[in-house]
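Two complexes are shown next, each including chain A; its partner changes from chain B in the first to chain C in the second.
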Partner chain A sequence: MKVGLPKGLLYYRYHPFFKTFFEELGAELITSEDTNKKVMDAGIRCCTSEACLPIKIFHGHVDALKNQCDLMVVPRIMKVSNNEYICPHLCSLPEMVVHSMDHLPPVTYQSLYFNSQKQLFHWAKDVGKLITPKRSAIEIAFNHALDRQANYKRTIDQSQYSYKILLVGHDYNLYDKYVNMNIIRKLNDLNLGVISSDSIGNGILNKYIKKLPRKPFWYYYRQAYGSAAFLIEKGEIDGIIFISCFSCGIDAVITEAIKDDMSSLPLLLVKLDEHSGDAGLDTRLEAFSDMLARSNTHHKKRRI
Partner chain B sequence: MTVTVPHYGNSFIGLKVLFDALGINYVIPPRSNQTALDLGVLHSPEEICNPFKLMLGNYIQSIERGADTIIIIATNGPCRFGEYASLQQRLLKKAGYSAQFIILNTQSGKKALFEGIKKIGSHSSCSTFQKMKALLLAITAISLMDRIEIKLRYCSGYEKNKGECKRLLQSCYEAVVQTNSAKDAVKILKSFKHSIKSLPLDYNKKPLKIAIIGEIYTISDPFSSNHIEDQLMDIGISTTRSLTPTWWLKDSVLKPFKLNSLSMHRAAKEYIYTCAGGYTRETVGKALLAFKKGYDGAIQVFPVGCTPEVIAKPILEKISSDKSFPILTLIVDEMTGEEGFITRVEAFTDMLERRREKCII
Partner chain C sequence: MYYLGIDIGSVSTDFVVLNKDLEVEDHLYLNTQGLPMKAVQEGLKLLKDKYLNEAINAVGTTGSGRKIIATVVGADSVKNEITAHAVAALHINPSVKTILEIGGQDSKIIILKDGIVTDFAMNTVCAAGTGSFLDRQAQRLGIPINQLGDYALKANNVVRIAGRCAVFAESDMIHKQQMGYDTPSIVKGLCDALVRNYLSNIAKGKDISAPIFFQGGVAANKGIKNAFEEALHTQVLVPEHYNVMGAIGAAILAKEALERSGGTTKFKGFDLEAAHLSTRGFECSDCSNQCEVIVIEENGVIIGYYGDRCGKWLHSVKMPS
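Up next, the complex of A and B:
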């Protein structure tokens, strides 16, 4: 059995889990290529035009795989942490994909709860059944997948550059190089190091969101706000870059809070959609880096 | 203390009755209008959805009329409504308006709702018994208003005297806000409901029937939906709307028990396999119910950038082609004028008319 795993959305967060699980069950796993122009164009063609860029790109990856596999993984990720939500789009992904595209192989429409091992196993059981009747094999694969996921570390924390920037955003915007126009490389070339918003632990995040009047109910809100507040207080960063998407309701709210409460540091908002251009980004990053240099000498002078 | 509430369809009728019965000072903001929207747009981030901006405009217009306390319900779901309150608080402060917020969290459902009502009630000199009675009156009023509206919008397709349903609905709205007595308000509503019975109707007519589906705030608010329901009423089309404030009240309270909108959910099952965020499932379910009940078509209305409805859109397109059931999608933003809207609705109803003629032949 050939299983297709589209390289979009939370693939960047959970691919070790999916890969290990399906491979251990003996399925042949086919992953789509890295995002590229063809994938993006296919996504724009298949997906409803009002959706955000990451959702369109996911559709593009599905399109690239649909003729090569017997089962398509379209993860319906409901939660990644307790008492918090992610995005309605991620909870309805199978419906969106299935009803927008033709000639699809069967897709996995079961729900994934990454905050609860017990509930996650339900997913494994139901999906595993499609590949093997052996329950014990599913259990073993599931446990290995969990281990692999737990040992997987992908966060970025570079300290060999003269400045350090907190890069805030959803996993798929931080790690999909095509979508973010290779922003990390570009920053490094300007001698700016990067720490990613997902590199701060839960305990710290919880402590630093206390400044908000009410606990945010989106996971990414807590992550963005908490990591920024913490790193500013520690004096570890010189600026913040927020990669967000057009027509993303969640990003709109987070942006506002960050703009207001983190105004002590230079902030750059990079908004992505299918028209974002490379050249424009270069200019903005250079301007940002110049600004850092200026405000920093300022700092030093004052300190003397 | 002078309280105010944002507009939410016709819910202000119920809230007015509640405040009157409790003897609390209040300001009901002018019904959503261009000024409210302009004010909201001025002080909101661009990307946020229209209901948010309108509500912010409501607050400002109320504050200008003497309100100092804003009551808002923050439902928790994966959509933005839940984050509204804290962001609005932030923005009002930035814009230089001072007002206190009473946020009723319905995160834990029923309990929180009652907590909040207790909080508001503490500013009233009524006894607990009277407070309970006030709540009951308010609920009666709002469900009466909803029922009157639903009935009249449906009957308008069958009316003998053109425009009568619309006139009756308008005078009902006008009459009920005249009084400051909760009991009278309920009485007025009851008499209006009664007078529907004597409306001359012609059941031999076969009017077009259209279901209005989509984002709940927008379809319940005439200004936001560019008066689409009134427009359809004018040309003698019967409409029904999937979601009303009463439904939402029930939903907020009953969700912990999973009792509400069972029929919509059952209908949606064919296309939605599990609970999707926001009210996607209601929108899809309602479209399918309308199809099963023999409606001629459906119109989906939602504000630009509304996540749950964006999800519903491709699903509705699929339904439309699977069942050959016409569905028109209208997206509202600050820019779209009413005219463009009207033309599209007209083209849609013309198409439905033609379709029907073809079927008869």
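Up next, the complex of A and C:
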């Protein structure tokens, strides 16, 4: 059986889990290629126009795979941490995809709770059944997938540059180079090193989250607030850049909250959409780097 | 001894010549009309008779077309608009604390402290709250854009126009016209809407303190200046050369860059017209991104590439296959 895994949304976070699980079950896993113009155009064509760019791009990846596989993985990710919510679009992803596209192979409708191993196994059991009747094989594949996921760390921490920036954003905005116009390379070219908001461990985040008057509602607020508060206290960063996609309701709340919380450091909000000309992004990044460099001639530099 | 600054914006291309004391000797404000190369050639032609090539000590470019034009004219510094605007404002008044800048497609706010940019913001993907918003509504009302401000000052009524989006504003404006409001009041409503939009989007959460400079093409509009003063309850200063501040900054930055490096200018001279420049685009088919790459040619020889995501054209001068 051929299983299609679209390279969009939280693929960037959970691909080791999905890959290991399906391959251990003996399925042939097909992943779409990196996001490109063709994928984006296909996504925009079939997706509802109100959705954000990453959702549209996910549709494009599904489109690229739909004639090559017998089962399409459309992860309905409900939660990734206890008592916190992720994104309503991610919770309704299978319905969005099925109702906006034709000629699809069967898709996975089951819910994924990455905060609970027990609930996550329900997903594995139900989806695994479509590939093999052997419950033991599903359990083994599931456990291997969990291990592989636990050992997987994809974070960015560059210290060889004269300034360091905390790059805040959802996984798919941080790691999809097409969507973010290769922002990390652009920052490096301006001599700015990057730490990504997902590189700070949960233990540290928990400690700093306690400073908030109430627990975060959105998972990404925990990540943004916790990483920024920790790195500012350590004196590790010179500024914060927040990458967000146009029309993201969650980021509309988080960016405002972070702006208020972290007013001691320069913060730049980068909004991404279908624009392919990067002159606007270049201008903002260059001005941000100039601001840091020019203020540095008057203030003492904090690091080597 | 002169310094040349060029600001290639989406709506206008501005030239400034500064003398050795960094005073404005000459300035030009030309329409870009989507053809930056042509606007630059025209500007250089206008300056050609007044200045010798050798008299130009440094050249700087800024604006959204800064990179492409830097290659063409031989610029010594290529800087973004925010830095250029801040440098120019600080040159005029070293104590300036806030710069409101509204251009054709961009609007920005720059916050300074002790002569250093400490914060800035630009409009995101939408151009509501910029000059193009006013342009469009002025067209709709049949008023030349340069008279819009005078109309607003004649208003004796307050009309509220929805300013969140140019499309909403237009339907609201038509509605208000049909309800019988007079044109000056509607124009004032538009100015208020733009300012409201600017303050709640771009300037939200920013500490706006005096002295405040208002620059960019839209600063010509007295109605907007008034609306800002009413909303901020403080005086807003429009510098003498408000519409070419970016170019002034570019010229100063070019001077600074050459003083730091100790080199001489790369300026190719005013005779660009004879150089016969042309641009063409092609779709690179080397990967699935299919970037639209721009090629600049001078007398049939390729002098630069722009627009590729991977940078392989940008950094190499080779013929497209």
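Methods note: the second predicted complex is superposed on the first by the 297 of 304 C-alpha atoms of A that agree within 3 Å, B and C clash if a C-alpha of one lies under 4 Å from a C-alpha of the other, contacts with A are read in each partner's own complex, and residues count from 1 in each chain.
The rule is short, and it goes like this: a residue touches a chain if its C-beta (ideal position, glycine included) is under 8 Å from a C-beta of that chain, and two chains touch if they have at least 3 such contacts.
Source: prediction; values computed, not measured.
Student: Considering only the touch criterion stated at the top, classify A:N188 as touching first (chain B), second (chain C), both, or neither.
Tutor: neither
Student: Give one of first, second, both or neither to describe whether A:F246 is in contact with chain B, with chain C, with both, or with none.
Tutor: In the superposition, A:F246 contacts both chain B and chain C.
Student: Once chain A of both complexes is superposed, is A:R294 in touch with chain B (first), chain C (second), both, or neither?
Tutor: second
Student: Is A:N36 touching anything from chain B or chain C once the two structures are fitted on A? First, second, both or neither.
Tutor: In the superposition, A:N36 touches chain C alone.
Student: When the two structures are overlaid on chain A, which partner does A:D260 contact: first (chain B), second (chain C), both, or neither?
Tutor: Both chain B and chain C are touched by A:D260.
Student: Answer with first, second, both or neither: which of chain B and chain C does A:C87 touch in the superposed model?
Tutor: Only chain B; A:C87 stays clear of chain C.
Student: Just to be sure I follow: which residues of chain A are touched by chain B in one complex and then by chain C in the other one?
Tutor: Dual-contact residues (chain A): 246, 256, 260.
Student: Of all residues in chain A, which touch chain C in the complex?
Tutor: Interface residues on the chain A side: 33, 36-39, 178, 181-182, 246, 256, 259-260, 266, 269, 271, 273, 275-280, 282-284, 286-288, 290-291, 294-295, 298.
Student: Okay, in this complex, where on chain A does chain B touch?
Tutor: Within the complex, chain A contacts chain B at residues 47-48, 50-51, 76, 85-89, 91-92, 94-96, 99-100, 109, 111, 212-214, 216-218, 221, 246-253, 255-257, 260.
Student: Quick one: in the complex, what on chain C touches chain A?
Tutor: 64, 67, 79-83, 106, 114, 116-122, 124-125, 205, 287-292, 307, 309
Student: Mind pulling up the chain B residues that touch chain A in the complex?
Tutor: Spelled out, the residues of chain B in touch with chain A are 45, 47-49, 76-80, 82-83, 85-87, 89-91, 94, 103, 271-278, 280, 304-308, 310-311, 313-315, 317-318, 331.
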